[in-house]
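Across the two complexes that follow, chain A remains constant while its partner is chain B and subsequently chain C.
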Partner chain A sequence: MVYRYELKKLLLSPLLLTLTLLCVLANLTFLLVEHDNAPSPRQTNRPEDVLAAQDASIFDGYSAASIAESYIRWYRLEGTNAEHVRAKYDALQPVIDRKAAADEKPQLHFSGQVSDVHVLLFGKLLKFFSQEVGLLALLTALLSAVYEQMRGTESIVYASRVGRQVQLTKLWVTLSASAVLSLMVIGCSLLIFFALFDFAIPWQADVSSVFDHALGETKPFITWNDLTVAEYLWASLGISMGLAWLCALIGFAAGTGFRSVYAAFGACVLLFTAFDLVARSSLLPVGSMLKSAWGLNPMWLWKNSGTWFTDGRAEMLWANFERLGLCAYSILFASAVWGAYHLLRRREIH
Partner chain B sequence: MSLFFCEWKKIWNWRVVGLLFTFAALMWFLVLKVDVQNYKTLMTSAHYQREMFEKYGTTLEVEELDEYDIPGKMTAVEEELDNQISSDMLFTNHGIHTYKEYQTFMANGMDGMDEQAAERFFKLASQMDEQLWSNETRKGSQKLLVPPVGRLEMLAELQNRYAHYEQSSALHGLTRENQNHPVAAEAIRKIQSKHNNSLVPTALQGSVSRYASVVGVSAILMTILIVSPSLTRDRARNVYLLQYSSAAGRRILWIQLAAAVSSACIFSLVVIAVSAIPLLAAGMGDYFGVSMLFTSYSSLVFLYEITFAQYVLLLAGMIILLCAAAACFTFVLARFSTNIMNTILKIVPLGLAFWILYLGAISDTFTPFNMLFSSVLHGRMVMPELILCVVLAVVGVLTVVSILVRERKTDVSS
Partner chain C sequence: MLSLNRVSKQYGNFMALEEIDLEFTQGVYALLAPNGAGKTTLIKMLATLIFPTKGEILWNGDDIIALDAAYRDLIGYLPQDFGYYRNHTPREFLRYMAAVKCLKREQVAQRIDELLDLVGLSDVRDKKMRKFSGGMIQRVGIAQAMLNNPRILILDEPTAGLDPKERVRFRNLISSLSKDRIVILSTHIVSDIETIASSVILIKDRRLFAQDSPGSICQQLNGKIFETDAVDDLDIPHLLLTERQENGQTITRFASEQGSGEARSVTPNLEDVFLYVYRDEER
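So, the complex of A and B:
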């Protein structure tokens, strides 16, 4: 019962609904601009695409070490950092060999216009809406966590039979509401995308292909696991949703732990700023464990949405880093929520 | 007046100051410090231009260009380079004794090589490149840290910029390309009539523009964060009812607005002044009198004939205007919020909108690469970035004034 009422409070909040609409409108504007600027199909045929369409097996004899060496040269890496990068790409070699041994038809996923659609969908749109749903989830969680305090009904609720346990119900409600709002944003954005870009994407083709335009680099796009394009899309959407829930946990921990709403918001802003700025700065050298561990934060994951399920360039040293980061930070902030809830249970009501 | 100061005190409490210092520290150590270092590094590769600037002042006239004798200097550096190459086994073992031979060797590239030979060639080429660019051979001399190959590139750039600016076919191409951009065409005409004589360093505009983007966006977001709580707090705690029934009455909102806008302006001014210190310490102040209008390597870098000092003042003015506009819009949103959470839900999209607007329409200010100038207006308007900032500030002020005028007659509970 309480769950239903709480859910109604959040989902019918005019401000949250307006924000959701704004997110969809922003994506619509972006996609319309991209649609207008899209080059004609003839211009999109790159020499690499022609090569990719040849009958040769593209992974046959391909060496992952060459990617490692090019990164080592580019970042001028030395010592253990260079070894870390080499070790990561050595681990990728069996994946390439497996793909070569499968002796499948040529990987056509990135040929012709599809490569531009891939860049647009996984490189740009995915990045935008995963950030948007993260922000929406954070604000939903903050609103939910401080709702009673904001309305001045805290004392009444705490004196009721449910008592302070209402905060736990609010947590489940927050996660549900975040999921609903995220699905609305993602669903509408994808609908607009598929309506505007009427192009036959080979959904059943292997997403791993030899040329990686999504990253603006001419290096293979290789996923650690064998994924078709459709599976890759679903998996990416799953990570987006996971990141939205993670943001909901961060917002809920801050909203429950801090007495002042503004302090909670300030703490969230500070946390995300630190996530982003430290990852961007040259404070942590590329190839080091620390840089890689810092890169597991949601800000880095959002900014590198095009690399999910792949090698993650030189900055990331571990396979499946997106799931690793999501799990690690989810555990961290779930513990933070738990701690904040226990603080709340013992807190003096002013 | 005492009410005004009381409102100021509400905005500037110790917690806000602490939050600002934390943000400032993060921004400085993680972003701006690196930018200043990058600028210094870029300036080391502008050694000859600095020499010309010190010798001839803000402009380089034709006779001064002849006197400086760039081709002569290039020949001297090339000789130095030939000596370096001929005494290095890595080059001589492959039959390379002069820089010209090295260039021919690189230009021939991997033509007709199989995969293994190409890989060997690539490795050798990168080794040679590294050897040429390494500073080891010049550790003893403190004066010039740039190796001869770097100095040759610097001189070639100067030669291209000052001696071949008119012959550069690409500049004519640029004129054709921009013939529908009247402002860009006018800039090119001016450059040609002045013989592209400005001695402004190539890296100056880009460095300042990037630095100003970071400072500007941070100042705007911080302004929104600090201005929003004080008014909302009054409404959340129903203090505004007391204020309305006091002697000040609803006039209090005007005082609060004055406190918010003056806080925004003074805060942005302080942020700009403080962030300018490291740049001035890096020697940017020397170039205040130099004209920003120039073209380099066939690319029109700047559009208007203004000095560096005027450019910096205009950038600062635009940031202050945007902060004032942000404060006005935040004030309106806070007026229509009954609690802090409501305000937060409104200021987040406002902050993001300002952020996107800055990066999309204001950054790369006064250059042909500015998106508002090139993609939206197609070069038909002079300084659209500045006009946009003024329009935003005016719209902000008009909106807030109309809300406050309306406030005199509205129901207290609305």
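So, the complex of A and C:
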């Protein structure tokens, strides 16, 4: 019963509904601008590119070590840090060999505008999604955690039979509401995308074939696991959802701990800024375990959404880092929620 | 029985309440003290919102903190600054409160209708509360406190901000609710409790000063309360209590150890006691 009422409170909150609508409108605007700027298919869909692509084998004879060495030269890595990068790419070689054996080739669709639209969907829109739903989840959590305090109903709710345990129900409601609002943003934006851009996506083709090079890079798009384009889209949406839940967890922990929506929001902003600043600084050298471990944070994952499921460049030393990051920070942020809840249980309500 | 055993509450270096011993069985217990005397602190400890620094609060011999939800199931609480959802109707708000009080679903609708009827809000049960008067909001507050038919009803300054008519209505309502439960009511408005309290609790200097029936409390000032229309002629030590106009004259009520001249002795009331006991605590 309480779950239902709490969920209704959040899903009917004018603030959250407005924010959700704003996210969809922002995506709509972005897609309309991209649609207007897109070159016509006749100009870019060059038959010679298609034919050339058909003969190109992406992974045949490709050496992961060459990627490692290019990074080592670029970052001027030495010693153990260089060895870490080499070891990571050595581990990637069997994956490349497996893909080469499968004779992965660029798809016929892969030329001209279609490629641009892939970049638009998987490179830009997906990044927007993950950031928007993360922010939405953070605000949902903050609102949920401080709802009673903001309305002065904390004392009557905490003096009821459910008491301060209502905060646990609110946590589940926050995660549910975050999922619902995220699905609304993602669903509406994808609908707009597919309505505006009429093209065929080779859903069942291997994603490494469709994206024959990583976005903005010269190396192939090498995923640790074999993923079709459809699987890659779902998996990326899954990671976006996971990141949204991470934001919900930390927002809820901050809201429960600080009891002030402004202080809690400020603490979350500080935390994410710290994640980014440390990652950008030279405190943690590329190729070090510390840099790799730091890169598991949600902020780094957001900023590098294009590398999910791939090697993660030289900064990331571990396979499947996006799932590793999600698991690690789920545990960390869930512990923060648990700690904040136990503080609340002992806190005096004045 | 609800009892407090040597309960103290300290905030840093400030001692808010010191070694309070009290027992509540059935009836209206009026916690009477000036603002800042520790009434709300005591009320919040009874509502488990804050915790004693020393001592214990027991319900039938069990610590209320240890009883946890089982104790909270017995109480109904109306805080001094009662918060509510402005965009909800009374019925919607009470449904939510029924959920956090774990009322059985099949009982909720009927119970809410009964209570809205009792507090006189039946005709506005589906109107948003944002336009309600202070008195109407307080009535929603008492309805939410009564939802679980509590054995202990805790009301913190329930009449603050109400107009005289609403205060009388509220007083009558509390009186009708006190038949089979403990009602603990904190106030600094003497007239709120004079006629309905079965026991008055006075807190002074952070400690329990007195706990007795209103009549017995008033008796302590028997022979010490006087009225005169010539207060300027008083030549004895006295404490001015109240003034009123009568037949074009100003009648002054005062407390003194002895009578004087034409001053006539009158029966003390709770207001006299309040003013006499807290004479040093004017703020």
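The definition used in the following text is that the second predicted complex is superposed on the first by the 314 of 350 C-alpha atoms of A that agree within 3 Å, B and C clash if a C-alpha of one lies under 4 Å from a C-alpha of the other, contacts with A are read in each partner's own complex, and residues count from 1 in each chain.
Operating definition for what follows: contacts are C-beta pairs under 8 Å (C-beta built on N, C-alpha and C of every residue); 3 or more make two chains touch, one makes a residue touch a chain.
Keep in mind that this is a model prediction, so the values were computed, not measured.
Participant: Put chain B and chain C onto chain A via the superposition and say whether they clash or fit.
Facilitator: fit
Participant: Touch test for A:349: chain B only (first), chain C only (second), both, or neither?
Facilitator: Once the two structures are laid over each other on A, A:349 reaches chain C alone.
Participant: One more residue to check, A:274. First (chain B), second (chain C), both or neither?
Facilitator: first
Participant: Look at A:65 in the shared chain and tell me whether it touches chain B only, chain C only, both, or neither; answer first, second, both or neither.
Facilitator: A:65: touches no partner chain.
Participant: Of the two partner chains, chain B (first) and chain C (second), which one does A:157 touch, if any: first, second, both, or neither?
Facilitator: second
Participant: Can A:143 be said to touch chain B (first), chain C (second), both, or neither?
Facilitator: It touches chain B, and chain C stays clear.
Participant: According to the stated criteria, A:5 is in contact with first (chain B), second (chain C), both, or neither; which is it?
Facilitator: The second partner, chain C, only.
Participant: To be precise, I mean the smallest distance between any C-alpha of chain B and any C-alpha of chain C in the superposed model; what is it in Å?
Facilitator: Chain B and chain C, overlaid via chain A, are at closest 9 Å apart by C-alpha.
Participant: Where on chain A do chain B and chain C both make contact?
Facilitator: Touching chain B and chain C on chain A: residues 151.
Participant: Quick one: in the complex, what on chain B touches chain A?
Facilitator: The touching residues are 15, 19, 22-23, 26-27, 29-31, 34, 126, 225, 229, 236, 339-342, 344-346, 348-349.
Participant: Which positions of chain A touch chain B when the two form their complex?
Facilitator: Residues 15-16, 19, 22, 73, 135, 139, 142-143, 146-147, 150-151, 261-263, 265-266, 269-270, 273-274, 277-278, 280-283 of chain A touch chain B in their complex.
Participant: Spell out the residues on chain A that touch chain C in their complex, using ranges where they run on.
Facilitator: Per the touch definition, chain A meets chain C at residues 1-2, 4-5, 148, 151-163, 165-166, 348-350.
Participant: Could you please specify the touching residues of chain C with respect to chain A in the complex?
Facilitator: 44, 47-51, 68-69, 72-73, 75, 77-79, 81-86, 95-97, 99-102, 105, 144-145, 148, 154
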